[in-house]
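First chain written, first letter: the chains are A, B and C, and each begins at residue 1.
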Amino acid sequence: MSELRLMKGNEALAEGAIRAGADAYFGYPITPQSEVIEYLMTERPEKRTGMIVLQAESEIAAINMVYGAASTGKKVMTSSSSPGISLKLEGISYLAGAELPAVIVNVVRGGPGLGTIQPSQADYFQSVKGGGHGDYKLYVLAPASVQEMSDFVEDAFDIAFKYRAPVLILSDGLIGQMMEKVMLKDQKERLTDKEIIKRYDRWAVTGKTNRKRNIITSLDLESEKMEARVHRLMKKYEQMEKEDLRFEKIECDDAEYLFVAYGSSARISQKAVQLARMKGIKAGLLRPITLFPYPKKVLFELANQVKGILSVELNAGQMVEDVRLAVEHKVPVEHFGRTGGIIHTPEEVLEALEQKIIKNGSIRHHKARASSIL
Amino acid sequence: MTEEIIIAGFGGQGVLSMGKILAYSGIMQDKEVSWMPSYGPEMRGGTANVTVILSDDRISSPYLKVYDTAIILNQQSMDKFEETVKHGGILIYDPNGISHHPTRKDIKIYQIKGTKLATEMGNKKIFNMVVLGAFLKIKPIVKHENIIKGLKKSLSERYHHLIPLNIEAITMGMNSVTPINNEQYV
Amino acid sequence: MEVLDIIKPEHQVFCKTKLMTDTALSYCPGCGHGTAHNLTMEVVDELGIVEDTIGVAPVGCSVLAYDFMNIDMTQAAHGRAPALATAISRLWPKKYVFTYQGDGDLAAIGTAETIHACNRGENIVIIFVNNGIYGMTGGQMAPTTLPGMKTSTSPYGREIETMGSPLKMTELVANLPGTYYVTRQSVHTHKNVRKAKKAIKKAFENIRLKKGVSFVEIVSNCNSGWKMNPLESNQWMEENMFPYFPLGDIKVAGKLK
């Protein structure tokens, strides 16, 4: 039954996984996402739905448990925070290469290195530009509320199984640690072993019956075969761009200036839009909900309408590169963001728009255009 | 209606749970709520604070620079948050352990002797409920019945026998809050 | 008897292992891997559990095990096979889940996964082929390389002072509460092949008991890596490997011998 609760983002994610009918969760504690496994261990989903929860000996073991479970057609999830995700990247690359469905959650903290346990969005590059080795991409969902932490688990599983590909939920310490009102979805039934065998008999390793044996591997020693595999992956990513792009436009209709922000920065920028409009500045917000696929076309079109764009991110400037690529120098694009675990306030965001775009933007832009023409 | 609140004090004073009860009461009254804690090493024995927002509309930023109300429970938090109260906003504080009292003239300042009252009531742990009562007296944004519902939701069932005591503490807080610089608002 | 009569199926006395594919083995002639594969598949066949068997291939010489074993298999990242097997066996408790790993995979990069799977007592079979060297990458030093043994990364012989001693992984896991059956075998003589098969069979049968990990080490040769011919390598193995890695059961029915 659906249910209204006040929950932390991490807890909502864990409960969302149970209700999405996940078969297993494998994880390793790390701040600021430990509540995910703590919640699951307390909740005992094996008694509620039969879902297995196991604390692995490392993030590496956890992602490879995910790989093992996914090989058999089970719905499986892991979560971690930045340094832990770095450890998982090899496994994530294997999941992509072996074309396995799985959900990975990153509740981002500041880096590089051990960094800080405070919120950050400094793993944008890692999430959308590969991260691990090889030609692959992840479908990346960026929740901006506790409600979405819960809802996106099911969405992520749907995409993972639609494409037989790993999906990343890119959250951060702010969304993970805050509490909000959540309307929890109805419990979805887990598939039975028989249903899994029937549904995924084409590829899942569940024991060889009368069919040809199934093999899960990312290895193709013959170059032509490996190239064909890479092309197959690229086709999936093209299809994702066509069919599963998600974004949200806030007050964009009459906007003269645009914030682009995802996740927690989108929430902060939304407030900056309100503050701007109180001052008579017509600001709007484009919030990419998927970071891959990225709303390139929407941005390109908005660039015909606005005078300048500020990419707001809790990092030193990562997504701004994709914004610039999308708008093709039509308007000035600048970055604003705090790092080190400091969260920018809506007031700071608005001030950055005024300073970097409204005041200086066009001058810098023309210089940049001039030099790019030369 | 949107009410943006910071509650700040020592870890262990029940700052986070006070915020949680307030947020849950908000949900019971059909409001949108957010509860954003400071977390990390500072939480253990040091200062703790939580931003709570209750609103009739979708909440934008859960993280703020300025607040409608600051509830301040130790000196470090006073030093940090007095200046963050919006012009015309409210500051509520417990004078216990405060050496530098608030000085702003453009906000409304109230005292609640939460530590003292809770000790007199024989249970120091209900200190945060006394303070919550003070806030709710000044800003009655949640109905009494919804506070009780909020308490029920946020306390696990084995503590439900303590709900009457909590209500008593809230009432005590409501009756004991004193204006410092502007009597007409009480 | 005419030739056509002789080759009738009912007169057949020996045949290729049924659960091995027709793909030519990629192992060097003389290597023990082929025999270890055969034995594993014979056991799965004889127990009649092919529909319920899921294998996990490692990284190393046996990375392509799935090309030769005609069963459902998934191939793990280097060293992580026990993690995969853990998840699979937890989610499919009635299945016969096994890993097939070499010494670099199991005893170096995958030490943590091996020890923790064994310590948790996962209901799986681990087949550990130990030839004291990294074969696939061209003969580098492994954690099980013997003292003084020359490899491409210990060209003057393994120096214990700087490179440490060979890791006795099997004795180590035998001391963990989660292992039920731990044994060390070899496949270089008919007699040893028969013993090894018995051990592998016992390991697979143990899965029904749900008592924890059954761990079968197979000390093997790597004639290419050791730069010997197969016969020399087997003799060298007997003289040098067996004293350090003595054959026999180490733990039976949860009790150390």
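What we mean here is this: a residue touches a chain if its C-beta (ideal position, glycine included) is under 8 Å from a C-beta of that chain, and two chains touch if they have at least 3 such contacts.
Values in this document were obtained by computation on a predicted structure and should not be read as measured data.
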Task: Most central chain, judged by mean C-alpha position against the global CA mean - done: A
Task: Remotest chain, chain A as reference, centres from CA atoms - done: C
- [ ] State, to the nearest whole Å, the distance from the C-alpha centre of chain A to the C-alpha centre of chain B.
- [x] 34
Open item on the list: So the centre of each chain is just the mean of its C-alpha atoms; given that, what is the distance between chain A and chain C in Å?
Closed with: 40
Open item on the list: Roughly how far is chain B from chain C, centre to centre by C-alpha average, rounded to an integer in Å?
Closed with: 64
Task: Residue numbers of chain C (touch at least two other chains) - done: none
- [ ] Mind listing the chain B positions that touch chain A in their complex?
- [x] 20, 23-24, 27, 32-37, 39-41, 59-66, 153-154
Task: Residue ranges of chain C touching chain A (in the complex, touch as defined) - done: 50-54, 56-57, 63-64, 66, 70-77, 80, 83-88, 90-92, 95, 112-113, 116
Task: Parts of chain A lying in touch with chain B, wherever the complex brings them together - done: 4, 6, 31-32, 117-118, 173-174, 177-181, 264, 267-274, 343, 345-348
Task: chain C-touching residues of chain A, taken from the complex the two chains share - done: 23-24, 26, 52, 54, 56-58, 60-62, 64-69, 71-72, 74, 76, 90-91, 94, 98, 193, 205-209, 213-219
